[in-house]
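Presented below are the structures under discussion, each in the form of structure tokens.
What follows is chain A paired twice: with chain B in the first complex and chain C in the second.
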Partner chain A sequence: MFNSLAPPEYLATIDTDKCIRCKRCIQNCGWSTYSWGGDRVLIETTKCVKCLRCYHYCPVEAIDILDNATRFKSNANWSYMNIRNIKRQAETGGMPITGMGSDLPYPVLFDHLLLDACQVTNPSIDPLREPMELRTYLGKKPSKLEVEKTPDGKLKLKTEMPPQLKLELPFTFSPMSFGSISLNAQKVLAMAAKECGIVMNTGEGGLHEDLLPYKDHIMVQVASGRFGVNPDYLNAGVACEIKIGQGAKPGIGGHLPGEKIPLQVAKTRMIPVGTDALSPAPQHDIYSIEDLRQLIYAIKEATNYKPVSIKIATVHNVAPIVSGIVRAGADIVYLDGFRGGTGAAPNIIRDHLGIPIEHALAAVDDRLRQEGIRNEASIIAAGGIRSSADAAKAIALGADAVAMGTAALVTMGCTVCGKCYTGNCSWGITTQRPELTVRLDPEIFAERLINLIRAWSHELQEILGALGVNAIESLRGSRERLRGVGLDEQTLDILGVKPAGR
Partner chain B sequence: MYEIDAKGIYYRKLNEMLREAVARGEKEILLKNVNGQYYIGDGIRQGDVKITIDGVPGNDLAAFMDGPTILVKDNAQDNIGNTMNAGKVVVEGHAGDVLGYGMRGGKLFVKGDVGYRIGIHMKGYKRQVPVIIAGGTAGDFFGEYMAGGILVLLGLGAENGKPIVGDYLGSGMHGGAIFVRGEVDETRCGKEVGIMEPDEEDMKLLKSYLKEYCEDLGLDLEEVMKRPFKKLIPVSLRPYGNLYCY
Partner chain C sequence: MNHNYEKDISGCGLIGIINKKKQRLGGEFVKKSLCLMNDRGNGLGAGFAAYGLYPELSDHYALHVMYDDPTSQRDFEEFLKENYDVEKIEEIPTKPVPSITISPLLMRYFVKPHKKMLVGGMTEDDFVVRTVMQVNSEIAGAYVFSSGKNMGVFKGVSNPREIADFFRIEEYEGYIWTGHTRFPTNTPGWWGGAHPFTLLDWSIVHNGEISSYGINKRYLEMYGYKLTLLTDTEVVAYTLDLLIRKHGLDISTACKVLAAPFWKDVERMDEGEKDAMTALRMTYGSALLNGPFSLLFGHRKGLVGINDRIKLRPLVVATKGDVVFMSSEESSIREICPKPDRAWAPRAGEPVIVELED
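For the complex of A and B:
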């Protein structure tokens, strides 16, 4: 009897003429695809996930990972994953799990939006010679400013400013917990955040002591499992975030299985080794906007009024929900779009629940403006930011800053293979196996992540220069600088964007 | 004893005054005329501080608290001991819903009845064992998602023959122990729960907690121990292990 009727997705192949039997592929594969057969490398191709670790470490380029052409008959309606998941479900009775953001071909509106540029009638700006401001302050802004004159004739701000989170660039890193990613991966994020003057986010996994030197660039998260949360934790970072939902799995909780909770993860989460870390789907002390307000202010009372961010998944009714969140006292609202990433989510939830970030962002920004409360909170947009162009478009649609998760992991070697939930990541990112995590040298990879952030910042500055503005503030919510291509009238109306040519 | 008159004072100011008094080194503090002010004791860490509350404190009493003892001379409301790390709260009256959410350490003693969803996701860590003891009856979802610690329900003064706890007792439980005085109706329990007779060790531990509880609230320990207890524990540390496929 065969193990599974689901044929392998990939065929790992080794050219035995080229292979020098160095066994590096065997050492490098976290999934044990390869083993030694005495005179050659044996391949168990059902285990291959095409993460390309072996390919990059083969010194003689003998490895090729092919998409399995014979896996199922090609069918436009019944895809490989549809048939494969049915077979796996028939064999196990379980829910298929997946990692990373949805890979289904839903329309990506960022790819249907184009930015403006200056020609003849208004001058563009060269960011290489002229100042170009990317600094961003997240937090409540007063609706008016009062200024008073001091006895020596100087002007002084009379209005008390609410607490602000200062970012040198309009970027943050998405919350990714220690447990879902390795401590080395968190260190890469923390080091890069410090160097770039931005923030990383602990996710719901507590704060490991090794990250304390970076605490001025860390936002700590409180979610339904309350893992690792105590007064020290709440006060450690520059802001606290209450996680209500995640774009990849709106409305459902998290189950970090016991076997993935070794000593260090258990210590950081403050739970016993080996028990499941279950994050209930709702926070049972939050059933309403009033309840949310209660938790926001409980945290503010415990932290002497640090900024509080509320992270939600973008769902159908996102605009009125955010209106409530802002009125509940949030300083920052983190919107995680439908295409947002995850370490583990049921396939059926990830691919079918929620709405994309573009629609949500436009709807939320509109609603808050209509209600005259847009200044009451800043918005972070997340869930599918792949480039600085996406970032610029998100900011033009109304975001104050954007968060990057998958993009940051890609700098660490991630190939978006989507198998984070197995805990076998050959790149040492989404695993706790020490022989794998040691591969991710924080200093080396922090350098790469810093490079990416710098490159995106330069690109943003070039975009702003072309738009003829000298500060990111001038692009914020400026939908006049966007045009839609190939979008229907209703979508354009939701986005508040004119079609190209108008 | 240092006194603060809470009459007509907004919670933010009251808690500021309380934190200032604690920072100054006051060890015994009396809050008079408390009337629903939220967050009393929120985030306070000094273990040797005792706060007595005259009146009914508002929601989130002792949230994120890490050491002090709070004595409430009246009823209390919802969310007491939210994510509490250490310390003790004693309520001489009844208390509301969602007590001890995510509580990691410390004690919460309620003399009277408690509401719904008590001790959700309570957890133990190393030597920290959070304990909640409710003297009266409790609502549904008692000990839901419980991951550690000890929950005790006594049902004192409950009407004869009426259940002392609601439905879905221990639903999603994957750690810790629940002790219920009297019989437990299996049909009211979550499917993750097993009902057992407590052994000698259990009874010794339970008695030590109940002794402290009775002393704090002026109850007769012997009277409390007269009826037998049932012990509820999770049948699996991994209740959802077989939910997924890859």
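For the complex of A and C:
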């Protein structure tokens, strides 16, 4: 057998003194790293991805997963990944594929922004004692409102409001399709969305019938492959999203390998079992902005005017692009920053195309305000939201809500190992192998995800209280409450944020 | 870009008096009442606004303007003559007081826009608003601090007593008065930064720090307002102008934007009102004034007092016959009206709206 000249990243090790030969590691590893050798566990360490499933299920703590110290000698210029990818490409002639968001050390501007707090001149507010409002409505808002008074002095609305997507919290889940993740993982998202009063997004994989009970908390997606799209699907959810691009792979299509397409996925996507599900790079009926407008209105007509979201990857000219999207009739614009996650993307694309969400968000919010159309659409910011602090900062930069993808998967056991594309996820998340997906009990893990959403909500409320405001609207776009640390003047200018000390 | 500014923060004391029957009151009352609250200011700003001030020229806009130097005065007057019919020009009468050694040049102009300037459906009010924005941001050293009809503002850097004496407040009469003493914490005090703040015949006195200033400012900028003063009060004034004059909301509805009811209270409203209130919040969420404030705003038809939605700053209201008093402290009301018919502290976010009787 040909041995790759790229040495393994990790060394799976078992302390044979501690090992009781229970074989749980063999059973748990989705990558077949372990096998039984008659009297002891054999290890094929090249297969290990450090997802830590075996480590957690070893009853005697006999397992250690070490970073391989004998990897190539790397330096600041030639990193391990540079060398490894060349070796691999020399061996295969292919594009190295990866999962999750970019792991290269590009600056994360969220980590260079600090939030304000009240002292003396304005009081902070205690969220445990006072109402602290996070409710968010996504959709087009009129620029002005007409109301009238009834004879008994009550207010009555005269303006007809455009359709809105009501979120009890300024969060949504990122689109993750059935196929890229398991049905159980989608159920976790759907159950948590329902419980928390927010929405999950089908991604481009159709809607499995098991999710219908949660349809009031589901946004359905239409992407370039049109998998699973029919009138019932479009009308099933509370809103419809057209996916133009994804932060992790702007400008390229999707690729769900045939290995991840068993019968259920095939039925939901309406394609044959085991075929690769290829989403073209562009939508072949959208070659320009006017085409997008036609599709937006086609979907609005098909859904009796539910809100339509347009998801794009943040690229260099994101501001004028979004201006066009808003003018084309979008109710919501979903901005996916380049650090956003993916189930599968070429390494080279994921790590080198697009711009971060912070810059994009600031530029888009500015542009829409300059053009006087910020009220015409809501903005969802995604692609690198790791904590409630990131969420608060994104909202202060101008987002109406933030989307979480990777964070939600982490509550299900994900360790961000980045091997989603293999379909071997030992945690039952990014796999369709029944013996693996069965590990993810939707009810148990929904509870964990709900815990996370509640924790972030409490944290967001504490942040608002410290800022002395009691409504999320008062933080939204309020860049006055942010200060930059260690950012150059031009970056501060793009973000519309003052440096700390000013 | 437009984010590099230092915002003005201040605490304050405020007073408002209105006679519903339009009986005019002398300035001595408002002065006496405000001076009781001297400790709410720090001598770095005080001011007064009065309505019913210029009955003989009540159909002209009374522009009160301060200048740093004669050049800015010349620039402004040139601009004025090109755009307005000028009925009367005079210096604002003052008298020397110990704390004010240097003051800006203070002039007032009674004017009407040239008819030919009103193109494309623009009203006289729109034109005056544009003038105020333009002058205050573009003519260096000139600052229009009052621009209504039959009303005027007098303000500067000192304590309430000396500002009142400097502007000879006791010599004026009005049927609505507001007064303000200021405690700025981060600026040395600038005459234009004192309260009341006005636009057309809206006048605002305000105690508080609008913690949502950042988004309120950016929201207003989308509608063409230029926020040059960087004070919370300016935000209040322009928000009211947008909601009431431009968008046609009535005062009580506009107050539901400034201090929006909590969702938990909206949920309990009946369907029609719930829909209206939800739509107001969705549409005008960026205009919600969040953070501590009590504010009074006078206009040609009355006086309104309102608190933030959890009442983080004081506001007391009292009535005596046809007169209604609003103040930061009850003591300042009793100083000029020892036995009011009724005195109460309005609930958080609930406006007290007093209208003049015709």
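Observations on the model:
Just so it is clear, the second predicted complex is superposed on the first by the 497 of 502 C-alpha atoms of A that agree within 3 Å, B and C clash if a C-alpha of one lies under 4 Å from a C-alpha of the other, contacts with A are read in each partner's own complex, and residues count from 1 in each chain.
By our rule, a residue touches a chain if its C-beta (ideal position, glycine included) is under 8 Å from a C-beta of that chain, and two chains touch if they have at least 3 such contacts.
Keep in mind the model is a prediction, meaning the values are calculated, not measured.
Once both complexes are superposed on chain A, the partners chain B and chain C fit side by side without clashing.
In the superposition on chain A, contact is made by A:94 with chain B only, not with chain C. When the two complexes are overlaid on their common chain A, residue A:234 makes contact with chain B while staying clear of chain C. By the document's definition of touching, neither partner reaches A:73: not chain B, not chain C.
Annotation: apex chain A, arms to chain B and chain C, angle 110° (C-alpha centres, rounded to a multiple of 10).
Applying the stated contact rule after C-alpha superposition, one finds that A:298 touches chain B and leaves chain C untouched.
Within the superposed three-chain model, A:225 lies in touch with chain B and out of touch with chain C [touch as defined at top]. Contacts of A:422 after superposition: chain B is touched, whereas chain C is not reached.
Following the chain A superposition, chain B and chain C show a smallest Cα-Cα distance of 25 angstrom. Shared interface residues of chain A, touching chain B in one complex and chain C in the other, do not exist. Against chain A, the residues of chain C that register as touching in their complex are 1-4, 6-7, 9, 11, 185, 208-209, 211-215, 217-219, 221-223, 246-250, 253, 256, 260, 262-264, 270, 272-273, 275-277, 279-286, 288, 290-292, 309-310, 312. For chain A in complex with chain C, the residues that touch the partner chain are 118, 121-123, 125, 130-131, 133, 135, 137, 141-147, 149-150, 154-157, 159, 161, 164, 366, 369, 372, 374-375, 467-471, 473-481, 493, 496-498, 502.
Against chain A, the residues of chain B that register as touching in their complex are 12, 15, 38-39, 42-43, 45, 59-60, 63-64, 66, 78-79, 82-83, 85, 98, 101-102, 104, 117, 120-121, 123-125, 141, 144-145, 147-148, 172, 174-175, 237-246. Those residues of chain A lying in contact with chain B across their complex are 88-89, 91-97, 222, 224-226, 229-231, 234, 255, 257-258, 270-272, 274-276, 278, 280, 283-285, 294-295, 297-299, 301-303, 346, 421-422.
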